[in-house]
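The next part holds the structures, each set out as C-alpha cells.
Common to both upcoming complexes is chain A, partnered first by chain B, then by chain C.
Moving on to the complex of A and B:
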C-alpha cells in the first residue's frame, strides 16, 4: 500500500469497542430522532427492518464469514418467535429475558443442525437446511394445543414509557436491538473467533494446522447465527402480534438468502440494505404489478418472482452485492493530488474484513 | 400386520418417485458437481404445462411426451445460460442460483395458475388392486409408476454402461481436462446431463401430481425427499438413487403411518441427518480423498 493510500485511510481506533460503539451510538441517536417524526405505519416498517437486520447479520456471519450456507434461517426465526410467544403466553417473566431465551433456544437448534453440518460441504448442507425449513412447521401443525394451530400464539409488547406511543416504542426496541447485535457481532468478528471463522472458510486443512478446532468453530458459528435468527424472529412477531407458521414459509428462508446476497455477503452494514429490501421490495413489486394491470393473482407472486430473478442476476453479475459495490466505489474514489492515476489498493473500512 | 403391508407398498410406490427425482439430481451431480435445487420446481412447471395441454383436449400420452421433451429443453437451457458462467467460482454460487430459479418457477406457476391445489389426472386407475379377495394399497397407477421409473433407470444404466455416448459422458464427469484432450466435447455432454435430468424431473412431477395437492409448491417436499434418497445412495450412482429412493420411501411411509401423518418431513430430516453422520459419502460411493 503506497503512502497516498495510507494517508487517505480512514483512521478508526484499533480497539474494536471504540471503533464500533461511537458509530452505533450516532446511528442510534439519528434513528431515535427520525422515528419520532415518522408516521405510525413507517415506524412499524422501520421496526421490521430492524428485526430482519438481526436475522440477516446472523446469516451473513454464517455464510459470508464462515462459508457455511443455510437455506433454513426462516425456520430458526420461527423457533425464536414461538419461544418468545410461548413464554409470553405461559409466564410473565422479564421481556429482556424472554428475548434472550428466544435467542438461546434458537442457538440450541442451531447446534443440533450445526453438528452434522461440520462434516458437510456446501450443497449437502444446503439440502439439509432446506429440509429443516420444510420440516419444522410440521411440529407446530402436529401439536396445535401447544402451538396454537393455524391461529398461532399472540405476543405482547411492554408498555411504552413516558410520552412514547406504542409503535414508536416497539420500533425503538427493534432498531436498538439491531444496533446492539451489530456492535456485538462486529466485535466478535474482530476477535480471535472472527479470525478463526474466516480461516475455516478459506481453508479447513490450513486452519486445523494452525491449531484451530475446525468442527468446534463451525458449530459455534452456526449457534451464533441461529441465535441471531431466533432473536430476529422474536422481534418480528412483536410487530405482527402473532406467531404462526404462515409467517415463516420456505419462501422467507430464500428471501433472507436473497437479501443477504444483495446486501453484500459477509458484510454487516450491507445487511441494512438487505433488511430494507425485504420490507420494501414486496410493496414496490405489488405497486408495479398494479401499474401494469397484471391482476391480483400475479400481484401475490410478483415479489417472489422478482426476489428470485434478482438473486440469479446478482449472483451472475454482481456477487458482492450493494455493500461490495459501495466499497468498490470508496476504494476507487478520485484522489486530489494523485491526478487520478491508478486506483489505490482496496482499503477495508468495515469490520467484516 | 396388513397395515404394515400397506405402508410398505405405499412406501415402495412413493420411493420410486423419490428415486426418479434422485436420479435427476444424480445425473447433474455426476456431470457438474452441483445439486440442482430447482429440479423439483422445474418438474412442477412442466406438469402445469401438461395440465394446460390436457385442458385443451390433448391426449394424455401426447401431453406426457411433450412435457418430457420440454423438461429436456429446460434442463439444457438452464445449464447453458445460468450454470455455465459460474464454472470455477465458489460452490455456493450454483446453490444460490438454483434456489433463485426454484423461487422464480414457483412464482411463475403461482402467478399464472393461482395458489389453489387442483386435481391432475392419472394415467391409470388409482383404486387398489385386488389380490385374491383383499384390496391392497397398490393401484394400477402405482404399478405404472414402478414400471416408468424402472424403465428410466434401466435406460440410464444402458446409456452409461453400453453406449459410446455414455462412456464419453462418464469420461467428462471423471475428468473434464483429460476427456477434452481425448477429443470429447465436454461442454455439450454437460448440457446433455442437465437435459436428461430435466426428463427425469418432469417424469417425477407427472407421477406425483395425481396423488398430491397439485399446486405451485407440491414438489418442494418431493425435492427434499429425492435429495435424501440421492444422499443415501451416494449422489453418484443411478443404482444408489433407486436404493436410496426405496429406503427413504419406506422410512417416510412408516413414520407417516405409525407416528402420524404430518410428521413425514421430520422423519425425512432425521433420516438425512443420520445418513450424513453415519455415512456422508453414501452407500454406493467411496469416500473421496482430500487433497491438501
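Moving on to the complex of A and C:
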C-alpha cells in the first residue's frame, strides 16, 4: 500500500456522535456558504429540498432499514403541517417547539397506524397506508372551522434575524434541521435500536429468538418514520406559508417512495438526491418540454413520465439508487499504484486496521 | 472480516458521500444563474411588462378552465400588435399548477423571485390563490383579478389582492331573492359543494329564502366526487323539494341531474353560474349518461335536462352574436389564438379570459407611463369603476372594495333561445328573466341596476 492511498483514507472515531457530528458540521458550513450565494428563488428551493429530505429520511428508515412499506407518508406530512399551522394560529410559542410538536403529533399518528401495521406485510401494508393517505384529507374538510376547509391554514414565517432575507433564513432553518435529523437518525441506526430494526427486517423469527420484541420494534420504526415525515411537512409549510390538503395528495406519497428508491433505499445521504429530484425534476422537465415545444398537455405529464423513466433506468443501472451507484463507483475507482484497478476494499480496510 | 472493520468502512463511505453530496449540491446551485437585480419596478422595462399566472392546464379542474389563460394571452398579443401600453409590450407567463396549492406556492415564487413578474394576473382557484395571498402581499406584488368568487379577496389585510367575478354570496343572494319572489310557497332543497364555494352560495341564499321553506340540504365533497349523487337526489325527492338549488361545479351538476332523472324526479333547478355553462355541462351530461349505460336516444335527450334551468349571468352569453363584445372577443380569438378557437370556439371561459385581460390592459393605461405596483393598485381603486367591460354592471373597485362585478341578472336556459355554437356542438341558449341586480356580499340590500353598459373600444378585435 503506497503512501498516497493511505493518505486518502480518513479514519473516523468509532463513537457515533463523534463520527457523524463533524461531517454534519462540515456539510453545514458548506451549505451556509452556498445558501448565502444563492438567488432568492434558489434559496427557497434549497429550503424545500431540506424539508423533503427530512421526510425521505424517515421513509428510508422505515423501508430500507426496517423493511416496512408506506404509501401514506404524504399524509403524515400533512399531520405535521396542520399541527404547526394550528399552533402558529392559536399560540405564539417558539417555532422550534412548534416544529417539535408537529413531529410528536405525527409520531403519535405513526403509532396508531403502526400498531395494526405489525400484522400486515407487503401489499397489504401498502394498501392500509394508502387508505390513510386517502382518508386524511376528508378530516380537514369535515371541520372547516378548525382546519380552514379548502383554503387551509396560513402560517407565518419566523422573522429573519439581522440582514438575512426571509427566504435565506428559512433555507438555513430547513437545511439545518435536515442535517440535525440526519445526524440523529444516523446515531440511532448505530445504536441497538438500529440493529434491532435491521434484525427484524432480515428475519422476524430470528430476531424474536434473539430477544427482540418484533411488534414493538416495528411500531417504534413506524413512529420515528412518521415523526420525520411530520417534521418534513411542517418545514414545507414554513416555505409555502399555508397548510392545505391539496398540498399533500396521494401522488405525493407515491413520489416520496419513488424519490427514496432513486436516492438509495436505506441510505440517509441518498435522501439528499431524492429531495433534489423531488424539487428540481418537475422544473427541469417543464423547461425540457418547453424547449421541444411539446405543448401544455405533454408539459404536465412530462415530470411524471421522466420520473418513471429515471426510476426504470436507475433500477436497471443502479438497483441501489443514486447513492448505491456512487458507492459502487467509489469502490471501483481507478487506484494509483494498483494499475488503475479498483482496490479490493476488504484488503484496504484490514490493512488500515 | 470483523464487525469493526465493516463499521469503519461504512463510516468512511458516509463521510465521502456527505462531502460528495454537498459539493455536488454546491456545484449545482452555483451554476444556476443569479436573479437579475431588481430595477426600480420589477418586471417593467422601457419596452416590456412581464406578468404571470398559475392556472390549471391539466388535472380535474383543467377542462374549460384551461382556455382562460390562452384567451387572455390573445388580448395581450392584440395589444402588442398595436404598439403595447406606453410602448411596452406585455409578456404573459402562465404556468400549470394543476389546481394543487403546493404547486401554486412554488410556481408563484418562481414567477416572483426568478422571473421577476410585475404582477400576478388571472390566476385561478380559491385554495390555490389563498395559498399565495400572504406571500404576494408581503412581496407587494399585485394579485389581480383572481379567478374565484371567494369573499376572501376583499380584505384590508391584503391590499394587493383583487377579485373580479361576482362573489359567490352575491350569486346566492340574487338567486335567493328570485326564488322568494317567483317560487313562493314551494318546498326548496339545496345541494351544494361542501367547501367555501358552496357554503358562500348558501350564505347568500339563506339571507333571502325563509328557513321554513327549505326542506332539505344535501352536500357532496369535491375531492371524492366520483359517481352519481344518487343518495342526495333521492333525499331531496323524499323531502318533497319542488325547487332544487345546485351550488355545484359543472361535473357535479351533471352527476346530480342524471340520477334524479333515473328516479323520475324533475324539480325546478336553480343552478349557480359556476355549474351552469351549457357548452361545458351539456357534453358532461351526455358523456356521463353514456358511461352509465343509457341508450343512444337517452344520451341525446340528456342535454334537455338543462331546459328551464334558472341561473345567473354577469356578461352577455356567447350565443348573443349581436353583442359587440361577443363579436370582438370572437375576432380576437380567431386572429390571436387560432388553435384555441379551433378547439373550443368562443365559450363562457374564453369570453371570460378576454374580458379579464382587457380589464388589466385598462388598469395599465390608467396607471400611467411611470408604472409602479402601488400606482397600478391606486389606478384601479380610482378609475376601476369606469373601465370598459362586457359586464352588465360596472366594476365595483374602490380603495375599500376589492370585488369586481357585484351584480348580475337571472337567466333561464331555454331550447327556444339562440343556441351557443362551439366546435363541440350547439348548446342550449338563455333568456333573461329578471332585471340586472347589484348587491354586496354583506347584508346590504339588492337593488336594480339601471345604468348603462359599456361598449368595446373602436379598435378592439
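The definition used in the following text is that the second predicted complex is superposed on the first by the 318 of 353 C-alpha atoms of A that agree within 3 Å, B and C clash if a C-alpha of one lies under 4 Å from a C-alpha of the other, contacts with A are read in each partner's own complex, and residues count from 1 in each chain.
We adopt the following convention: contacts are C-beta pairs under 8 Å (C-beta built on N, C-alpha and C of every residue); 3 or more make two chains touch, one makes a residue touch a chain.
Just so we're clear, the structure is a prediction, and the values are computed from it rather than from any experiment.
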Exercise. For the three-chain model obtained by superposing on chain A, do chain B and chain C clash or fit?
Worked result: clash
For this session: Considering only touches as defined above, state whether A:239 meets chain B (first), chain C (second), both or neither.
Result: second
For this session: On the superposed three-chain arrangement, identify whether chain B or chain C touches more chain A residues.
Result: C
Exercise. With the two structures laid over each other on chain A, which partner does A:290 touch: chain B (first), chain C (second), both, or neither?
Worked result: neither
For this session: For A:124, select first, second, both or neither according to whether it touches chain B, chain C, the two together, or no partner.
Result: first
Problem set entry | Which of chain B and chain C A:46 touches, first, second, both or neither | second
Problem set entry | Which of chain B and chain C A:304 touches, first, second, both or neither | first
Exercise. For A:151, is the partner it touches chain B (first), chain C (second), both, or none of the two (neither)?
Worked result: second
For this session: Return first, second, both or neither, reflecting whether A:320 touches chain B, chain C, both chains, or no partner chain.
Result: neither
Exercise. Is A:208 touching the first partner chain B, the second partner chain C, both, or neither of them?
Worked result: neither
For this session: Applying the touch criterion given at the start, work out whether A:89 contacts chain B, chain C, both or neither, answering first, second, both or neither.
Result: neither
Problem set entry | Part of chain B, among the options 42-50, 114-122, 150-158 or 276-284, whose backbone runs into chain C after overlay | 114-122
For this session: Could you list which residues of chain A make contact with chain B in one structure and with chain C in the other?
Result: 138, 141, 297, 300-301
Seminar exercise, completed: Contacts from chain C onto chain A in the complex sit at residues 1-2, 4-9, 11-23, 25-26, 28-30, 32-35, 57-59, 66, 95-96, 98-102, 105-106, 109-110, 113-114, 126-128, 130-135, 138, 150, 152, 194-197, 199, 221, 223-224
For this session: Spell out the residues on chain A that touch chain B in their complex, using ranges where they run on.
Result: 63, 67, 69, 71, 116, 119-124, 126-128, 130-132, 134-135, 138-139, 141-142, 205, 250-251, 254, 257-258, 261, 294, 297-298, 300-302, 304-305, 307-312, 315-316, 319
Problem set entry | For the chain B and chain A complex, residues of the former touching the latter | 29, 33-35, 37, 82, 85-86, 89-97, 99-104, 106-108, 110-112, 114-115, 217, 220-221, 223-224, 227-228, 231, 260, 262-266, 268-269, 272-273, 276-277, 280, 290, 292
Seminar exercise, completed: Touching chain C in the complex, chain A uses residues 9-12, 14, 19-20, 23-24, 26-27, 30-31, 34, 37-42, 44-46, 48, 137-138, 141, 144, 149-152, 154, 166-167, 186, 236, 239-242, 244-249, 252, 267, 269-270, 272-273, 276, 283, 286, 296-297, 299-301, 323, 326-327, 330, 345-346, 349-350, 352-353
